[in-house]
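Attaching a single structure in structure tokens format; questions to follow.
Order as written gives the chain letters A, B, C and D; numbering starts at 1 within each chain.
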Amino acid sequence: MSVSNLLENWSEFRHLHPVDDVPHDPYKWAMSIDLDACSGCNACSVACYAENNLPVVGKEKYAHGQAMHWMRIERYWDEDGREFPDQGAQFLPMMCQQCEAAPCETVCPVGATNHTPDGINSQIYNRCIGSRYCSANCPFKVRYFNWYDYPTTDNVWPAEMNQQLNPDVTVRGKGVMEKCTFCIQRVTVAKNNAKNEGRIVHDGDVQTACQQACPTSAISFGNLVDKESKVYKQWKAQQVELDKDAQAKDKNEEGRSELRGYRIFEELRPYPSVMYLERVRESAV
Amino acid sequence: MMKDISEDIAWAKINKDVLKSLENPRKLYWVILFIAIAMVGVAVGCEVYQYNIGMGVANMDNPHMWGLYIATFIFWIGMSHSGTLLSAILHLMHADWRKPIYRFAEAMTTFSLMTAGLFVAVHLGRVWQIYYAIPYPNGRMVWPNFQSPLLWDAMAIFTYLSSSILFLYVGMIPDLAIVRDNMHSGWRKKLYSALALGWEGTDRQWRNFRVTYLTIACFLIPLAVSVHSIVASDFAMSQQPGWHITSFPPYFVAGALYSGCAAIITLFIILRYVFKFEEYMTLSILKKIVRLTFAIAMVWTYLNLIEYASVWYGHDQASKDVLIQKATGPYAPFWWMMNFCGSIVPLLMFFKRFQTNIPVMFAVSLLLNLGMWLERWMIVAPTFSHGYYPWTWDHDQWPSLIQWGIVFGSFGWFTLLFMVFCKVFPSVSMYEVKEMVYHRKQATKKLATAGKGAH
Amino acid sequence: MMNSGFDRRDFLKVLGWGGAAVALSGCGNGSVEDGKETVVSYVETNDYMIPSISVYFNSTCAQCDAGCSITGRLREGRVLKLEGNPDSTINRGKTCGLGQAGVQHHYNPDRVREPLLRTGSSGEAITWEKAYALIAEKTKGVSGEEIAFLSGGVSGHLKVLLGNYLDSFGCKNHFAYEAIAPAVLRAANKKSYGVEMPRFNIGKAKVVLSFGADFLGSWVSPVHFSQQYAQFRKGVDGQRGVLIQVESKMTLTGANADRWLVVRPGTEGILALGLINALGAHGVALSGDVAAAVKGYDKARVSKDTGVSAEQIDKIVALLKARTPSLVLAGSAAEGYAHGSQNAAAINLLNQVLGNVGKTVEVAEVVPFPQMAPTTGNTAALRKLNDGLAAGKYKVLFSYAANPVFTAPGAMKFKDNMAKAGFKVVFAHYLDETALQADLVLPLDSALEDWNTQVPEYLATCAQINIQQPLMEKLHANTRGMGDILLALLKQRRAEEYKGFEDYYAYLRGAMLKNKAALGGGKLDDDTFWNETLSKGIVKLEGRVGGLSGRASAAGLTLPAPAAVDAQYPLQLIPSVNASLRDGRHTNQPWLQESPDPLTTIVWDSWVEIHPRKAAELGIVEGDIVEVSGKNGSIKAQAYLFPGIHPDAVSIPLGRGHEAMGRYAKGYGVNPFQILDPVFDKETGELALHETRVKISKAGSRVIVVKDEGVVGGMQMGKKIAVRVSSDKVKLSEEV
Amino acid sequence: MHRFLRLSVLLMGLFAAASTFAVDAQTPALTTEDDLGPAIEQPIEFPHVRHAKDMQINCMYCHTYARRSAVAGIPPLQKCIGCHQYIESVKDKPRIKTLFEYWDAKKAIPWKKVHDLPDFVRFNHERHIKRFYFQQNRPVQEVCGYCHGDVKEMTVARRSKLLSMGWCVSCHQKEHPVSAEGGTPVGNQVPWYSMKKPPADASGKVIKAKGPNDCSVCHK
């Protein structure tokens, strides 16, 4: 707790830029989401409400943009002025991208949001003082602030409803920032079980709530260090590398690439841990 | 040429005039005080409500995380720069005309900083945990995050605040002694005796006093520049379009000096009337401040245009979009108003006949401050409503009455502190005015002698 | 994960302390607080009950009739979350949002907790003994014809008990009613394929041509189809499946289509015949009657009637020819007209012409216990019941798992007719609109507290019986399971026969053990078999396989020309079915209210979808309150400009607009059921949901639409966020 | 002027001294710090001293969940009765009578929580027991005692450690052995939780590592 210990442990306290950094070992949690499979059904979002004790804010607060959905499904239309969306819509599940060089982490005055050695951008609710700087600096705007005291004055979980609350996840009071944590409570349990058995977590030992619910299995979650994991294989096959701000796909001429993996706002260099696979549409019709 | 101050004011009269302000101001003083208290009451009520219910009552949302609180916070920080400018910078530059007015400018510095500090607290979602942000050895064994500009901010503000309180106080010691000597017995006498630290006016005391004062002044100048640069880095260090701009620190400092000077004009006019300081706060001095303000206004305008230009000609489309949105989107009226108030209104100051026209200058100074307040709002808000992620653009984010109430009340709070200060402490530096009168006399004498010699 | 060797009822006893002590305070200025809270401790416990370790039990989701198997996660005796059971062939471990919200059905604060007897305009809580006595009294001496039992779809042992109860009166008036059901399709399938519900193998198809079947959203078995869809997208033989959706209002499935074709409402059948015609012209052999039936449907006419361009028809025909097998689905959008049966028949005919029958349309296995097979609900039943009620035929009316006062078209005057019944018993979860009209309201257990067996209508790759079992102790002391209630009622009638069964659990166990061998447990002793069955939550069976009666006939296929524009009511009203809210029975689950509609992203309210072109004509902008009025009333709701709808149609989602039910449902939105025209399908008598004609006008005020999308709507503003790529630019077969 | 300079030098010196102190000041060794919690009245005054000291019963005989789950758990009433129904000698004692009253009424005893961490903290008994009791073979009462103090000397258990965050952290910052004999080797990986790899011995094997220092390990 002395100043010298602060200086000594500076690098421990702060995870650095992923380039030239210590490699992740044994875990780096990451995701890939296949937009071609995603049907936009919202099951993931509801599952997230169930798993993570998200408050239902009600119509009025929703109208004020105070919804607390950690996972939101965005629906995009074509922008070429056609009269009917005859190629359908594009759905995109958007949640915290768990950036490696997260813009939110550096600005939090108290370090309430910080990087774990597993590459998760963790949010320590009780440390949060509510400056909201993290959200201000988040390019994806996936951080949600408790504008009201949902458990108490707002009584979001009346009567028996509170029995549904997941005891592994803190119920956040007012003034706290929150966001998708990659279901860190599940990850923790899986890691503890693995440690008890003297191994590392295998692929499939842990599923996030959204992944588990997803009817089309569009979401994969796993350990990017583990070469056996599906996520690793997907990233590899799409030639998306965690610590690059431009991928093989971008280097190809427009439209020539056969890869569909991309990360959103890669050019801002947050190095997101979520890879999306482009939605495919048939050219023959 | 108008004189900054008449050279034939007797020293006893100076004492008497200034001390009078501690006793019987005009009625308007009490009216102002009452209004200020009422405004503070409104703000306290709003804050209590917000504290109990949650930040939602301010009608901020995701992603409009920051609202008027941060804008007003910057505004008050900016205000604080005028005191330092007048007392420290102009002190070092031997600008004599500052002497009758620097005291209240310094008080302004201190009180606007205190107001700004309150906004940090008002803004926080969990203000009761604010000590988490203070670096001290603690039982949790964790430090705050030294990488966060917000933490630098907190530190800079506290340093600046403590230094400016010290500066204000040290500069007041000789005057406090005068007040002490003019007090009859009673608790006030005791108070001033204690505060005067046994000032006798000996040569040694004067020598030490001058060195100390000068040292603090030197210390304060970089602090003042740094504090607003750091506030600017809250934005410039972020990654958001419209914020991530290299020229922000000087831009913020210029804006700060600008709004500070404008505020000095306002308060100058009020104090001059309320405490009957016409003889000390002369129109000649007003003219000088006005000219200074005008110069700064032009610097600010220049930096402002630089900012627009760098965004416009840069290749960051997102930043450009924010700029376009400022000029055409829902914030357009405020944005244009800010440009008008900040860059067009000060042009009035260019004209000599307005420079000493009190009603006009009063109105202009208020408009300038409105413009500067809008400027801060226009820095904070549009980026939220038009950030990188289009899905979240522009939810309903008009600040609620609670937010307005607290912002409104902060002006009352500042006025209250300031007015109480002016009633309790000499708001015109007596010893410096005496010096000024003395210098003036010497100069006139010299002039006269020189004139004689010429003949 | 699963524990097998335990007695389920012991397990429930263990949890004697109920769901006490839930820590709500999360983020206080917390420090160690000694001695303030009480520790959760047990009197007796089992080895598997370890505090802080989750226990998982299998059951069946009761949120809709698809029959997904679920696994409930329990902690300290409380069910926290429902996951899919990976062993189920229907949902394979997956769930939809509606299923996830099952826990909110269970923990809902607005549940009915006591039996309520109407006294004047208010209700009085009474005991169950009194309630049963009352039913016995009211049914005494009443003949079978004077009793009506209204229910939703039922299956399994509950259906058996229900049947037996009605039998005891000699009553044949069981009305199985579902407000939104593919009943027309069932009839058409029966004609075309010989079965009501064949297996649609989306996963095997290379092209799916869907006429308004929202199989990703709410059609038949959406979670199952979603998985098939994922497989279909990955492709067979490396060829990615192509989805073409034909409808007048975009559904979730339509939003996922490669080509979404907007057709004039009601002309789906014409397009199907037109496609057959065009296929014939492209060299596909058509049998004589088919050729005759489609003769008049040349491209020009079809294109004019439906609004689909001739070149688009050519493209589809080329695709259907090139990529086989394909699959054609007829959905609710095609069914919902007075000529719905004809539409469905025409669409089924297309399947036949394409040779899909037997390839992607396969016969489904059937559970070999016909008495347990599902009685599927439809709207014709409601019509019959309503007519009976209007005639004052019924002295006693029972209502279970249906809310006709809310879902019947207002023109039917169901509420008034219901009042004519002598004694109305409603088995209710909430005090919904129908329960409020009852004389006696009997509170039900939630699906997570109740025993049951269920046989899904749509069976995936094998026949299965789903077990529904309590996941936790009852929340409220005075609710009862439907099975227990029926058993108690049966004991009133046939005491001798049922005296051996202490409760429904005992009945269920006994019934299952009796058929142990048939259920695949021949070698096991009773307890082992029973415990294993409960542990799995599913009984997979060797199903009976019938054959598809191969030939859809083109005989009698006459499709009306599109109706001329009605000057007074120029627009077609399409009541849309939201995957979460369905017919409104789930509206009181707040997660579903706050889960944005996938297409409009609107929450907590109803809206009127209007095509931007039409809106411009009428001077309507988003958020305008518009009055939608038809021959049978009008409703007011906010307008939402939606490109995915035919300009001559407007759409309002079903499910909202409750006047009762609970805090999360009451007062949000409007109920389009109320203004539906009572038009019925000519062959089946089913309510034609899409046949209502309306006009709309601005009602003056304007609101801000509460939705998730921002002001720029679904635009990416030139940013690379959701990216789309053309299928010829990727190689899916090389992906992981 | 000289005086002023002298004063400045003096002040600077003081500041430097204070800073130096701050730089190297160690916070008190929190791990050993005792902090006696309030005495708590329990429904039955349970004598730990009789069970744990006189009878030498292993802590985990009753607190059986500790090695299997995150919480140590209070034994079910069943377990108390399991022994006490055969111990005739104490059956008449008032405490045992109360015990049987609960049993006969089939009511759980409303024990008060003694070590009650805030709700946002996730403490895992299982991991600590596995680490120190099973893998390092330390005596059970020592292992439990790290956090619970010398329970065998108490009647009603009372908190005797600080259980504050810094208290936990100070132990996690210690180097603990992770060698094969007494550590937690994970496959061929050594678990290290900070960005710095722990020091290895001459043979290249890591022998000591700190506890996890990741916020999210303990905060939920």
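FYI, contacts are C-beta pairs under 8 Å (C-beta built on N, C-alpha and C of every residue); 3 or more make two chains touch, one makes a residue touch a chain.
Just so we're clear, the structure is a prediction, and the values are computed from it rather than from any experiment.
**Student:** Give the identifier of the chain nearest to the protein's overall CA centre, each chain being represented by its own CA mean.
**Tutor:** A
**Student:** Looking only at C-beta pairs that count as contacts, which pair of chains has more of them, A-C or A-B?
**Tutor:** Higher C-beta contact count between the two pairs: A-C.
**Student:** Please report how many Å separate the Cα centroid of chain A from that of chain D, as a whole number.
**Tutor:** Result: the chain centres lie 33 Å from each other.
**Student:** For chain A versus chain B, what separation do you get between their C-alpha means, in angstrom?
**Tutor:** 43
**Student:** Could you work out how far the Cα centre of chain B sits from that of chain D, in whole Å?
**Tutor:** Each chain's C-alpha centroid was found; their separation is 53 Å.
**Student:** Residues touching two or more other chains, restricted to chain B: which are they?
**Tutor:** Only 126, 129, 137-138, 141-142, 388-389, 391-392, 395-396 qualify.
**Student:** Which residues does chain A have that touch at least 2 chains other than itself?
**Tutor:** 1-2, 63, 67, 72, 74, 111, 114, 125-128, 170-171, 175-176, 265
**Student:** Specify, in ascending order, the residues of chain D that touch 2 or more different other chains.
**Tutor:** Each of 22, 25, 27, 118-120, 164, 166 in chain D touches at least two other chains.
**Student:** Sort out for me which residues of chain A touch chain C in the complex.
**Tutor:** Residues 35-37, 39-43, 45-47, 49-51, 56-59, 62-63, 67, 69, 72-77, 79, 83-92, 125-126, 128, 151-152, 157-167, 170-173, 175-176, 209, 212-218, 230, 233-234, 236-238, 255-260, 262, 264-265, 276-285 of chain A touch chain C in their complex.
**Student:** Chain B touches which residues of chain A in the complex?
**Tutor:** For chain A paired with chain B, touching residues are 1-2, 6, 13-14, 61, 63-67, 72, 74, 94, 103, 106-111, 114, 127-133, 135-141, 143-149, 153, 174-177, 265, 268.
**Student:** Quick one: which bits of chain B touch chain C in the complex? Just the residue numbers, please.
**Tutor:** Residues 126, 128-129, 317, 321, 388-396 of chain B touch chain C in their complex.
**Student:** Give the list of chain B residues in touch with chain D in this complex.
**Tutor:** Counting only chain B, the residues touching chain D are 137-142, 207-208, 211-212.
**Student:** So in the complex, which bits of chain D are touching chain B?
**Tutor:** Where chain D meets chain B, its residues are 1, 3-4, 22, 25, 27, 30, 162, 164-167, 169-170, 173.
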